[in-house]
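Following are the structures in question.
Each of the two complexes below includes chain A, the first together with chain B, the second together with chain C.
Right, the complex of A and B next:
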């Protein structure tokens, strides 16, 4: 058990497609062209969670680069520093709006609250004679009170947030105007020389304005609160689904109220910085700010539908809008134009937000399957009387049925040393049949998923490939243990393929290593047939080493590797590829170690499992037969794409999966014989077969039984009975 | 319809409709103001009240059409103002009055169609779409199309001037126009197929679509109708003062319109109320505004009072016609 896992030798790999005999350069280029799938890149990219914040960030960088390049003085230090002070104020307000939007509401009164708090703080500082810290605290309190007015109306009186805050906007603005009317003359003449006040306005920490430093602190705290605290989770939950939140016991009204209070509080904080920086007690402060803030928040990627967003997104949106405004200002574009641009951006951003939120899944789904060219060789005649090796016969017609109606989808079957029969079922069970005629049925283990390939290791543990779960082992006592469900990730592709999606079949090498195939890394078990329509090399061969407990990918990018079988001499693996209708041989030991070659190709049907026969030959299951029409369709990727787009799924052209056979092939790659069930009434989809004690046991993915036929000694293909079976560790069933 | 008639309930008692309550409030307010305020109950003041309120009434009829269809047009004042200002600006050139008016009408219809498109096809909630489009319309017009903030009506355009200042049988033309607009809108809403469809759309958009009503094109038509009615209101405003000040778009006129509609009893849930509700709402707001003017309140105090009343009306409307709070979408 010390030998290392064989690596695929460089340059020793046949093309991952069926190569026609007389291939021209044009055909080669066509294949190459169809290998590239830009749509697939798109689909995989937009499936990523980081893609949504990445777009606003890219926009921010784009805006920055654009203005740096086109506007002189934009990227200068003074400009950026002065922008950062304004940005801090805008970001704080945006953060408040973001919290409200995440909670499923909206706060249009932010501009008026900002203006009112600004006025209030200036009045308190200049006219009331209160010490500055007290005035600032009172300012924050006023902001929180204004927010709680919005919050109580929305949360407890159940009014519509949009119109409510639109109305409080004019009410607050009216109050602000009244204050301005009565006190503006007095505030204009007072100068404040309090150090705290000046620190708020012009203080710098390491050259960065104090307001910006505060913003960073608020962002960090806000991030922790929103993503790590109970309150943050409640806010997100209420925004995502109010009903579900209420059913979960969250006090929805209180959460809503708190989110509006946050908004008012942050508006007040921003207003304090603004007031101390500019000391402008104008009634026009914060006018139209709601538009800027709303646009920034949505541009940052905080969804209007609620329940989604982070403080960083709010900051990114605020920075984008702030830089845009500054850049336009430096370009001598008027404020009206900026407002107009904002309104246009708002419409586009809201439209995109809604359309994207609604159609994201659909768009990814529509572009997920990307057909490519799959060529096939000439289709062999299988009709009775054709005289070919694949001529149809009725050798499976008399098969005995085991567990008829008691099993659903025994993909693989296996027998232990005592002659008991095991199979996996669709319910995620391993069934065991025992007794003379296998009449006693019991559930040996409940794993889950859909157990596919089965094999016994040297300690009589049953090793199982479970679709959707990975590689599992069941002890003789029926205890289930996970061996592995992950492998090393391929960093060259976007899709994370470290989890095992569709482990299919396995075999155990003489040194104890478990080789197993993962048929496809792109589709779930229920959609495995879509992988056939796509025809891309999405599968891989993996190796689990029980000695180290490590799993490694041995060969990646295989077209649907299905059956795996260690050869009789234990030095190579046979890998059956379903959609390419060929068998590969991979040398795991000996002088050719690491070489991959084509063992047999151009089968007339789609291959499934492959097993050793008692006489040195191999059994191969064909789960369905090729047809000229589908062969042609596989040669035409655009046709298949059009088919998937234009017609409903149940009317697509699929590979035929309802009529197959069992084939026996020799070590040299010759067809020795076939076993057919004409019409496929009893054994429609044959996915596995196992030879044991002179009988052949037959399993099928869609079948309701396990078949058994006696292998006739006199049959020309069944070789001499006296031949010793090479004992290979972990192949007890053979 | 039939809102003014009290409905007999099963237990034989009478229940007042919202319009009736409003009219009773108007009447009592009227009496109170007449007694308390000097100069309220004079022929001059009352005529003045009616005239000043008629353009607001026309705009409210426009808003009513979309609110009945469970929509909202916050860009109503903007599209009205922009199209009126452009029409008047064109009248300052040698274009004939009908041509200028047709162009103005075309613009307002186009803006309505854009709003309808954003709402029906892009599926942006009406509040967001019209809030943003109103700002966009005003911004584009101000920066690209209009010469100044205030456009003067040339003295030779008699028709437009008559709309605002003319007299028909001793009644000021704005009042007559308001009456005509209200009648036409009433006929449209209650006697035509389109009107029925609008009610169906507002009552239950999903059911309307299932019964075969082309809800999306209908939305376009609703916003276009609202825009066209609003354009009439804009012309009356322009005629009465001999020009148009586009700064009104920035003001709180849209809140007055909302106030009339919501107070009148056209619920924001859609499918409720009618032109009579607008009349009741207009009467109430007209009396109230007039009273506040006589009380010598400044604009800011008026804004606060109007805001508080609107807030109360919104809360009340929500109580009378509750929505499903749990599943409501943003912007509903």
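Right, the complex of A and C next:
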């Protein structure tokens, strides 16, 4: 029997913020207003990979809209259809050029190849007497051959692509002129009425010119080849870094040859369409085309330095140029103006694209963090002698140091049945300390990422939340197994949150389900503190069911859910929320199943992990303390935004993370005691604690040791490392 | 004055032609009376007011479009200027699309005009093939198509231009006169063509062939296509003159282009020996004749070609005949211009001024 994952009950959820006692409507509205974050939408939009060609695409749309508005007849169906036939030819050549440019080269001979193939195909069709399909196939072959001439010289003779193709531009054009002089007058009077030829020239599929339909096909195939196939990756790799590609074992020469052959082949295909459409066996065909094509490719945003670009970008560039030319033609603007406009557009577009490429990251960075209002209740006094429950003491002074200097960043610590101590480290390892005084240190497992929360399941597997990776399990033998790294995606937002970014802490319910928190879906481990400056509900509670292997999001939109702990009765989860300084209780079983409520709030510090104590209470780690100044800053989102904009990052006001304590709270939500290390010399940031055998073990995200103190009041046999009370029954039921 | 006379004469001729056409049609019955309110429907005794109304109705608000191979040369500018003047005076709209010497763009321009459906389309064919299908499409779409000076394989409603075959014959004959049998020359002739597939080139070559075939002593040492480009003509000729320093004549098919060849010959110091033949009569011809670069040229009344097109378009629009049903050719007079008569009035044009006299 496997119980279903509890679903959050509708309407049973407290507001995802600290609600002051005497809240007015104005404050409520302020919160509401701050919840809307257009800037965030923009930042997330800009972050999308498919936003990279945003400028070229915007330009294309701009050109289209401009001419539609100003030039009558531009947006008409007839015009667009006839433009599409011309666009198809240009695009095919651009595509060939794009492949070569992506491979790190350049092909200046496209215009000549286009002209030569056009001439060759017309000669074959009109004078040779060959059947049209054979002539077309031969035309393609000629294109491939011309491309292979370029390719062989560039790849095997190691000549520079620019010079090589400049030379072949002249040679191919020369051959073309020769053919023109000797044969083209004879072709001039021949009318070809072959249906295949006619189909290539004027055929339509569902009203769309055949050439454009072919282009779509070529684009799709090209996209798949370039982005999904080995060859495509090789081409990109060679273009990005030829040396690295060679070192990686890629046959660079062959890849280069193939990319030039592609270029020749696509030129030939374009020329066939051109030839059948216009039958113009003129030596002029394709003259100066290399410049137009190069302009289109650059306009589309394909980097001339190679290794970057898609077929869509080539198409966008070609379409922009094609529509621009058409629009200007319809506006009765002279040909020389067209060249000037083209140059101007190119300069503007390339400039913008450069700026865009350069500053997109910066823009995202500037707008990505979107502070909102976080209200706090009255800050309790923690000074010695204040008499409050949080009064500072020196109970952690003199804590034993385990693995001093041998461990980096043990966020969580746990002990197994044999009393061996485990912790994660910043290197992505799980360390194990054994021996009487934990003097023996070994690397138990190497997972990667940054292992955070730890828990043992019924089979003594160590389940680990790994920041940047997901949820992993390590068998007692030290074998690492991925449990999950994704959950169901929230389709209501732009950002794909299906991957786990910052799995933080976990606990295992009596029925074996693993509940774990993902602190934030917007920031990486290195930037987790930015989530605090933002203060938005970016985190979530997830549940991995080992029985089905499925992961579900149980509660989304939580403000930094950090520690997760199953209650002593096994019927609810306690979720510590760092930035809200409160603990939630989520009922996973019993009559209240699915209800979420506030368990404790208004802690004087930021909460981290939470664990069961042996006496029915809970241990809570405070990794830092609130301060009046920062509380005020959290109430003022515009202030924080200004701060981020105006001053360098290392001068920002951050939540204080350099002094914390351990708090013990009862099932009823009373503070039972606190453990402090005044001055924070040994345990500054406390992120976790684990009670075992009468000792309390203390971990810290930035610490170089694990601390241990003897607990006077604890029963020496009990352990908080184990699972909740009903665990045995639960696992039996599993 | 001469132009005026000529114009007047031509107008009379056209009126006559139109009358003949009308007469012919009216006997053909009223097969298309339902379509255009045809001129053939007007009886001979129609009142002047009605005739006037018919003429105005047939033209007013109509659009004429012109697609040259490229603007920016006196030839095409002059045509555009004359047509603009004529069409706009008739209350029509006149648009020009400039493909700037790009074959594909010319096809695009014509294609987009077919979509826009002007009433008259004037095309200056790059070559005999490129617009052939499109002209057919245009006529099917109900557009009268008039071709100018360079003809297409597909003949449309009207052609206006030089009688290029005759032009070829005449120039070839002139060349035979100065380089042929009985002259103390090498008999070597260089030919600088326009685009090899241009209607102009093909026709002139055909005319030339007729003549040269009868004069085997003429040695054509080079026939190359400079594609109407002055630099290309210069470069080709510079090589030819090196290979054949005893060249007798250089014949280029267009004055703008041939000027480059003449320059190359002059650079080689052979301009007194090599006689430079060409055709067309833009101001560069008169200047080159003055400067003794050209030997002779043939003008073909470029300014009136524009006016003729307007007249033919008017006739087509008023005729009531459907597009594609006429085949009219209007060959404009060929006038020889040489070093003796270049400075007469109206010998040359510059695309900007009326009654230009080069001095």
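The criterion applied here is as follows: the second predicted complex is superposed on the first by the 412 of 734 C-alpha atoms of A that agree within 3 Å, B and C clash if a C-alpha of one lies under 4 Å from a C-alpha of the other, contacts with A are read in each partner's own complex, and residues count from 1 in each chain.
The definition used in the following text is that a residue touches a chain if its C-beta (ideal position, glycine included) is under 8 Å from a C-beta of that chain, and two chains touch if they have at least 3 such contacts.
Here the structure is a predicted model, which means the values were calculated and not measured.
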Now for A:173: first (chain B), second (chain C), both, or neither, which partner does it touch?
first
First, second, both or neither for A:325, with chain B first and chain C second:
second
Regarding the shared-chain residue A:181, is it in contact with chain B (first), chain C (second), both, or neither?
both
Report for A:636: first if it touches chain B alone, second if chain C alone, otherwise both or neither.
neither
For A:340, is the partner it touches chain B (first), chain C (second), both, or none of the two (neither)?
first
Once the structures are superposed on A, label A:494 by its partner contacts, choosing first (chain B), second (chain C), both or neither.
neither
With both complexes overlaid on chain A, does A:281 touch chain B (first), chain C (second), both or neither?
second
Per the contact definition in the header, classify A:78: touching chain B only (first), chain C only (second), both, or neither.
second
First, second, both or neither for A:201, with chain B first and chain C second
second
Footprint overlap on chain A, where chain B in one structure and chain C in the other make contact
177, 181, 334, 336, 339
Touch list for chain A against partner chain B, complex
104-106, 153, 157-160, 162-164, 167-168, 170-171, 173-175, 177-178, 181, 242-243, 246, 291, 304-306, 334, 336-337, 339-340, 342-344, 346-347, 350-351, 354-355, 358
Residue positions on chain C within touch of chain A in the complex are 70-72, 95-105, 107-109, 111-112, 114-116, 126-130, 132-133, 153, 195-197, 201-202, 205, 223-225, 227
How about chain B: which of its residues touch chain A in the complex?
118, 122-125, 127-129, 132-136, 139-140, 142-143, 252, 255, 258, 268, 298-301, 303-304, 306-308, 310-311, 314-315, 318, 322-323, 325-332
Contacting residues of chain A [partner chain C, same complex]
73, 76, 78-79, 82-83, 86, 89, 177, 180-181, 184-185, 187-189, 191, 201-202, 274, 277-285, 287-288, 325-326, 329-330, 332-336, 338-339
